[in-house]
Each structure stands twice: as structure tokens, then as C-alpha cells.
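So that we are looking at the same thing, I have put the structure below in C-alpha cells.
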């Protein structure tokens, strides 16, 4: 049962990822990407990382993708022809990518991963995560907020500069 | 404590000087600092205990996990070279007193920084520290030559800088290699590094030998790595030339004695002759080239190159006399070359030229100067009872013990040395007075303050070299112990 | 005695220091007193030391301080006065003192008066160190020291670059010899672990006669003597050295410094007698030099040059003597030669002084009446050098030739020939200078005057010594006691063949041949230059054959110039070019290559992000693969 | 629900590794072959997500919450990055009327 869910989600993710590359309209790319993210959210659920799954949906599908979409709409890029590289470049790129995959697979195959400790704790639950996050990772968490702030300021500054 | 104060004193004064302005004040402060340094060095000299392997040791852990410590100390060779540095620097500073410099305070600050670095090189007991000081010494001289030099200074100084830097990188590589071979926990102490050498394979030893020799050969310089030298000596300000030729060049030979001679047995007997041959080639080659030089500083540069060749050859002869001679010659060459560059400086200041063909008849105008020049020259051509003779005699004796033929070839330099030095003297000092030297005034009292002590040094070291020679003996024994 | 010994060289040195340091301030009178006085005191001390030795005293050894501690030996700054050095001391300080006095007059008007005397005192000091040193290194100090003084004094009038060149030539040729000396010294040092004379000579017993080591070492030492004593092939500096003031020529280039080579060989006789090959070579070089220099002298027209070549020739005789094992003979000739050659030079100086600097004998003549004292003493000197009995040169030269005769008849015959030539050119010089009519300018004629007493008195004293100097060693055949032989025997001991195995008849016959030959050539000279009144041809005259070669001194200077000087200068330029255009170029090319590579590498940075990315990915792959392989 | 999760936990970690690798490489290829800056950004997001998933998987595998915290931080950074990146994109577009990556070559001039 779980297997089927796993493979189904994986297949969906890979398919939509490929479609991101294949389709030529940016709006389609975006939609396929969202689909892919949904599949990944499913994986999180499957891992019992409920909090992550929710955050993932909110942040990626909700925030980031909307941002993309917004940019897309604002610049009205959808009507543009897809800019494609020369065939040669694409082949080279594809081959290098495959090479990377092959090496990765070989290496990761060779990894000996020790068997985990038996555990049944609900680490993916919001409560548990929250405890860890606000105790152990308090300082990085606050730092992250500063990062956000600066990113926000930066983004505004940049776009504003020309006006 | 004594050793560290020898380094810290000039360093601190140097830092202070960077924030100062004005020629007079900075001159005097610099001079006082070097005199204080000399006083400390003299204390070290009088309190030196020959029976100890390392005098005045100082050990501060720096990176203990890496076996790297701030470890200083002196044996006889170190002490003599520290003395040389301490004695010469006041003269070098004093020799600039009549000269208007731009940014005088920075100039003296750099000279003092140089002094600190040189003392550091000579007293380091730790390989990495040695390297740090070695490179530190390069920085001030780079600025001294680059900022206060003559025509084409930037290009020539840069070449000198990169060239020596490349050499020292080889040394660093060799040091690190040795370090990784020390038994765990790894140690950077020079003693530890040297003890490793015999345990290495012949191929490794050969590579290390080559790396060290290359680094020192460029510094000294040894044929055929010398081509930075004539240009640099010519273009550098007089004080820079004095520092370079008088003291800095000794770093190379000191390195040879410290790091290369302890390669025992086969490596040394296989590759040592290569160095000797190179040194001899340089010796004859430099001497012959010097004969036809038209520019005083360039001539002195080639003569210095030739002398260094003899020192390097003698160092590899590996006999007690040769080593004593090499060490002694380091000192006397330092004194003589500073005197000669001072002569060149005076001529340049008075006549605005150092072209030999434009000079002549100076002896008539300036007899005291003529005497000073004459004695400096005699020291340089190794006339008995001058300091040059003691060193050359011991070196040649040592070379003769190594091989009579080598001594004979090396001896030719005695003849050639006389040829070019007397030729130089004759053309500048004798003959009809040329227009450039017509208004040549004799030595001023400040200049006498430099000239007279130098003369005294040249003569006294030649007449009574015994104390200096004896101080170096235990260190030589130590070196020879590594070899046999 | 020890204090005395130390004071002998020290006094002139102190005088040198005082005059040298204050040469601008002290008056000439003080300089004269100081310079001459110290040498005189040294002379007196030398006499005391001599008398002590003469009365059976033993050699005095003084070590002033440890000079050079080396691995094998502690070379001390030490002096020794034994019979041999005592004899040299007398010559150096005695003749030196006379020449100092003479110089007061000769240099009186020179602006470098004080400088001159300081150099002269330094020379005396160096020479005394040379003869008194008790080891080879001490000797070498003096050896180089006198070379330096010789340089300074030859180039005394340094405005003239020709003089300076002569001075430099002298120093460098000496240095060539010195290198040989040094190498010889090294061999001894390595073998005997010492440079001390006594230590070395006492160990010579372990060597067979003709031992290769000894032969090479002695030959190398002899190279030093060749340079210092102006023998073939390093003799050309000595005639050029006449550029110096005449007292210098007398003191350094006739009486003392140039004899250092003879002294050195005599001092090392213990080694030399073990090396017959070396002795033979010494003989050959000596006779060759004697003949070559004598032939050149025949055609020289410069009064000092003639004397210079004659000095070279006489030094050749001394070496023949050494080669034949006549160490005493050589020392004897050295002594008498110091007397008469110093005399001749000083007299020549007096002539030059009288003529206001003229040195060309073609412009002299008829001076006999004008400067009678000079003429008389010059005559004494000339007779002495020509070997006419009972003047000093006869005895000393005869002793040498007698030994040579026993050893090698051919060399003896050549020696007689040379001595005949000596008689000829010396009398040629005498006749051309003092006989006939005056050939100089009217101006000079008016100024002709005898030198002041301060110059003539030393001349007279030297003349007397030249006449009677031979009596210190009258051979047995004249009923003499060979006192010099006896005096020196503690040094040379049994090693020297003091009494050649020839009958008195043969000995007298040999003497007769020499004397008759000399007289014949004197007569020939008389006929040619006084009777026929022949004057040597002028500078531009075309000369032919042998005369031309001799006049141009066998073209030796030109040959050296072509074979040594030119190639070295050429090599110097060539190597300098190589240095700049090859060695430095290679270094610079390293820089250029780096710059070039940088320029090429820059092209990789296209700015094409796609390319960067691909490169990045591929690099990651490469790293991973590399990691895998390890 | 718990049983499902228990069962899933038996899912071999290798599968996750393989899946995430593929996803990652697809992202890489996307970055390489596209010239549209927007799509390149998307591909980057894809790569980030693949890594995130792997981290989360290992976090569960090792039973350690830190991994999931890390994922959160990665998301934070990704969001910030997207904000800045997109604004750069907008500025670029305003200047060049294009979002072709190749045009950025001109930056060097």
C-alpha cells in the first residue's frame, strides 16, 4: 500500500518536473512546478512530517509560486517565445546532467548507511518541532527573521532604484 | 627574554615611527632605537655561554596542536649574525642623515621593521616561525626599494619581490613536507625537522634538498638565479642596498648552514658538488663581468655576487675551516659591502652620477674619503690584516681540504677581485680631476661617524678575529655532527 | 730581546699611523724626523739582535697574540729573529734608512711629502713582517702588504693614469703569484697541520727526496716567488714599476721587496732541497730571466728602465743560485745587490733630479764634471754589478756561479754570458750618461747641480758598502773565512753544499773567465760609446731583426695584452651580454609566460553563464569521480 | 494513521536517495538548458526541494528533529532568495526588456 503511494507520488513529481523543462510557456512551467511541489508535500506527509508538509504548501505553493506568478504576470512574459539554447548546448547540458546523475547514483549506492535506531516518536508533529525550534534553535530562528527583513528591504530597494 | 626584546624593540619603535612626521625627529628616534638594540646585542654577546647549545631560549606555545611554537634562541652563528645586524643598522641609518627623503618617518620605520625581521630569522628555532620572519623581511625591503628607489624602480622591485617569493615558497613546501614526516604529534621545531631528514628516502631527500637550495640560492643569490640582483642593488636607495647586500643576503647562507648542510651522507655528497660547481661558476662569472662594469653600484653588485659564490662553495666543502671561514666572511662581507655602498652613496650625492667614466681624480679633492674607500676596497680584495682576508683564507683552506682544484679555481677570484676593485678605484679616485668631481668635498663629520667605525671594524676584525671565530665553533661542531 | 724584536717592525708602523692620520697637519720636518728616526731605531735594534746572534745567541721567537685559530693550528701573530731574518733585517732597515734619508731631499718639493713617507713606513713595516714572520701566514701578511705599498708608491703620482696602470699591473701580477703562494701554503697546512716554519721543517724527515707532494708544494710556493721577484713569465711589471718615485724604485723594486721571493725560497730550503725537480725549474727560470732581461737592457734608453731590467736579471742570478742549492750564495748576492742596486737607483735619481726629471739617456751625457759625486758613486755601483774584483758584486756572483758550475755547466756558461752582458749594458749606461757632451736642452744645462747633502751622504755610504760589501763572505780561495756562510749555517745547516768539490785552481780559473769576459765587454762599450761616441737611435728610427725585437722587449707586453687582457675584457663583455640577454631573459620569460597564460585563461571567462554552469557541473562530476577513484 | 506511518518508515531510505537524486538532476538539467531566467529559478527551487525532501527523509530515518528544522531554515533562505532574485529579474527586465540569461554576459563589459 505504502509502496504504491510512494511510487505514485514519486512518479507524479518526476513527471511534473520533467514537464517543467519541456513545456515552453512559463505559465505552464509554473503550474507543473506547483504540481511537483504538491507531490513533494505528499511525500512529507508520508514521512509523517506533517508540519513540514503544511509549511511546504504554504511557503512554496502559497508564497513563492505566487511571487513567480506575480512576476510573470507583471512582466507579461507569457506571450514571449520561449528562449531556447542551441541544440548543441542543450545536448551538452543534458549529458553533463546525466553524468552527474550517474556519478551520484554510483556514489550513493556505495554508501553504507547504518541501520537507524528503532524509534516511533512523533518528531514530525508540530508540537515537537516547535519545542526544538524554540529551544535549541532559538538564535538561528531569530537570525532568520533578520535575514527575511534584509531580503525584503533589498528587494524593495532594488526595484525602486530605477524610479 | 633577551632575544624577544631584540625583536620587539625595533618592531615597536617601527610602529611608532609610522605615526610620526618630520625628518629630524624620526632620524634620531630610529638611531637611538638601533643603538639601544646594539646595546642589547652586546649584552647578549658578553653573556653568551659557548657550552650551551641554545642561548637565551624563549618558548611560547602558539598553535600547540600543530606543534608550532614561538621559539627563539641563539647559537654561535645566530649570535654573530644578530651582532652583524645590530652593528650595521645604526650605520645604515646614520648614512642617510644628510639625505632628504620623502616620508622620512616611514622610511626609518621600514628599516627598523626590517631589522626586527632579520633578527627574527636569525634567532628562530621553529621552522614555521623562520619562514614567517623570512617573508616578513621581504616586505619592508620591497617598500624601501619600491618607494625610494631610482629609475625603473617599480618593475625591478617587483621582479625581485616575486623572484625571492617564489624561492621561499619552495622552502615553505619543503618545511611542511618535513613537518608532516615528523613523528606524531607533528613538530615544527627546527631540531625536529632536521632529525627527520635522514629517515627519508633518497628521492625525497633529493627533492627537499633541491627545494631548500633553490630558495636560498635565489636569496643569496647563486648562479644562475642572480639576475635580480644587479638591477635591484643599482635601483635601490643606498640604505636599501646596504640592507640587502649587507644583511639580507646572509639569510640565504644562514639558511644553507641551518637547513641544507644537515642533509647527511649521500644526498649531500651527491648534490653538494653541484652547488659547489654552480657557486664556482658564479664566482668566476661575476668577477669577470664586474671587470667591465661602467656603474659603481652595479660593479659592487657583481662583486658581492662573486663573494657570495665563494661563501656558498665553502659552506659545501664541509670542513671546519671552511665553515668558520664562511661564517666569518658573512660578517666581514656585511661590513665591507656596507662600506662600499656608502662610498657609492657619497659619490652619488656629491656628483649626481655613479658612472665611472664621468668620475676621476677624487683622491686629490678628498683625501680622507680616499683613505676610507681604499680600506673598504682592501677589505673587499682580502688583503691580510683586513677582515676579508680571514674569511677568504679560511674558506680557501677549507676548499683546499675538499679539493685542491676547487681551491685553485676559487683562488682565481682573488686575482680577478683585485683587477676589478683596483680598476674601479683607479678610475674614480685617481687620474685627472673630471668636471663632475671638481667640487668634491671631503667627508663631513656625520659621514666620519660612519666611516671611522667601519674602518675600525674592518681592521680589528682582520687583526684579532679570534673571539668571533671561537664563538662560532660549537655551532660548527653541531653542524658537522649532523654530517658525520 | 723579545721586546726588541717586537719593536723592530712596530716602530715604523707607529710612524706610519702618526703620519698617516695627521698627514695634513704635521710639518715636513717632523715627518722626516719621525719617519727616518723610527727606521733608524729599528736598524739599531736590528744590529743589537744581529750582534747577539753573531756572538752565539739563539733565535728569538715572539708571539704577540693568537691571530687565527683554525681547525688544525693556532696560527699566532708571531715573529722570529734567527740568522737568516737577522741578515734581512739589516738590509731592510739599513738600506731602508738610507733611502728614507735620501727621500727627504728627493721628495722635498713634492706636495705629497707626508703621504710618501707614510707609505714608505708602511712598506718598511710590511717588509719587516715578511722577513720576521715565523710562519707562512705571517710571511703572507708581509708579502701582500709590500705588494700594496708597492701599488701605492708606484702610483704615487696618481694624476697620471699610465702610472696608475703600472701600479695596478704590479699588484695584479703579484696577486697571480700570491695565488700560487696561497695554494702552496694550503698544501703545507693540510699536510703538516701547521704553517709554522719550525713545525713544518722539523717534519720534513718523513719525505723522500723527490716526493711528489713536496715538489708540487714547493713549485706552488715558487710561483709566488716568480710574481714577487719578477721572474719569467711575470716580470713585466717591474720595468713598468719605474713609474714610481726613484727612492721607491731603489727601496722596493731593487733592494728589498723583489728579493722577498729569494728570501722565501731560502727560508723554505728544508722543503726545496727535497725537490730536485723544483730546484731545476728554478734554475731554468732564473737563467732564462737573467738572459732575457739582460738582452732587453742592452737597448733600453730610459735610465731607470735599464736598471730595472738589470734588477730582473740579477734576481735571475739569485734564483740560479737557489736552484743550485747555494742558499748562502743567493742571500749573499741579495745583500750585495741591495747595496749596489739601491746605490745605482739613488744615483740615477740624483741624475734625474739634476736634470729636472729627464730620464732618457739620449738626452744626457757629459755629466761627469757637473755632478761629480753622483758620477763617482754611480761608477762604484756599476763596477760592483759588473763583477770586477774586489767590489762586492764579484764575490757574490762568483759564489753563485761556482755552485752552478758544479751542478750544471750549460747554465754556468749562460750565466757567464749574462754577466758579460750585464757589464756591457751597465757601462753603456754609465758612458752615455756621464761621458761625451751634454745632449739636453740649454735650460737643463743651466740648472745642472749636484744634489744636496741629504741625498749625497746616503749615496756615499751605499757606495762604500758596494765596494766593501763583498768582504763579509770572502771565499777560502782568497784566504777568507766565509763568515756569512758560518753565520748562516745554523739556519741552512748541513743542507747546503757550502764547499763545492772543486780545486782552488778551477775556482780561480772560473773567476778569471768571468772577469776577463766582463772586462772585454766593458772595453767594447768604451770603444762604442766613448771612442766612437755612438748615441742610441731615436724613438722613430726603424729597427730591424734582433735589435727590433730586443728594443720592443720581445713584444711580451703586446703578447700578454693579446693573450690575456683582451680575451678577459672580451669575455667580460660577452658574459655581461649573456647575463642580460640570456639568464635575465629566461627569468623575465617566466614572467612573460605567466602573463601570457593569464591572458589566455582570461578568455575562458566569457561571461556566458550557461558555460559557467556546465563547467561547474562537470567540475563537480570530476571531483566526485576523483573521490571515487581514491 | 500511525500504522500507515509505521509501515512507511520501512520504506528503504535508498528509494528516497534515488528519487531525490533524479529530481535534483532534473533541476540541474533545467538550469543548464534554459535561457529564461524565470525557469532557471524554478529549476533551482526544484533542486532545493529535492534536497529538502532528502533531509526530511533522513531526519525521520535517524529519528532526529534537527533535520526537519534544517528544512525549515532552507525554506526560509529559499524564500528570501526568491524575493531578492525575482527583484533582480525585474530590474534586469526593466533594463534589457528581456530575461535571457545570455544577455547577462554584458555584465562583464
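Going in written order, the chains are labelled A, B, C and D, and every chain counts its residues from 1.
Just so it is clear, a contact is a pair of C-beta atoms (placed from the backbone, for glycine too) under 8 Å apart; a residue touches a chain by one contact, two chains touch by 3 or more.
Only a predicted model underlies this, so the values are computations on that prediction, with no experimental measurement involved.
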item	value
Contact-richer chain pair [A-D vs B-C]	A-D
Where subunit A and subunit D are represented by their mean Cα positions, the distance between them in whole Å	4
Subunit B and subunit D: spacing of chain centres that average the CA atoms, whole Å	62
Interchain centroid distance [CA atoms averaged], subunit B/subunit C, Å	37
Computed distance of Cα centres, subunit B from subunit A, in Å	65
Of all residues in subunit B, the ones touching two or more other chains	none
Touching two or more other chains - residue numbers and ranges from subunit C	610, 613-614, 617
Subunit D residues counted as touching two or more neighbouring chains	28, 32, 35
Touching chain combinations (by label order)	A-C, A-D, B-C, C-D
Subunit C residues within the subunit A interface of the complex	610, 613-614, 617-618, 620-621, 624-625, 627-628
Touch list for subunit A against partner subunit C, complex	85, 89, 92-93, 96-97, 99-100, 103-104, 106-107, 110
Residues of subunit D defined as touching subunit A within the complex	4-11, 13, 15, 17-19, 21-30, 32-36, 38-39, 41-43, 45-46, 49, 52-53, 56-57, 59-66, 68-69, 71-73, 75-84, 86-91, 93-95, 98-100
Residues on subunit C engaged by subunit D in the complex (per definition of touch)	605-610, 613-614, 617
Contact set on subunit C toward subunit B in their complex	20, 23-24, 65-72, 77, 115, 137, 140-141, 143-145, 148, 151, 155, 158-161, 164-165, 167-168, 171-172, 175-176, 178-179, 182-183, 186-187, 189-190, 568-569, 571-573, 575-576, 579-580, 583-584, 587-588, 591
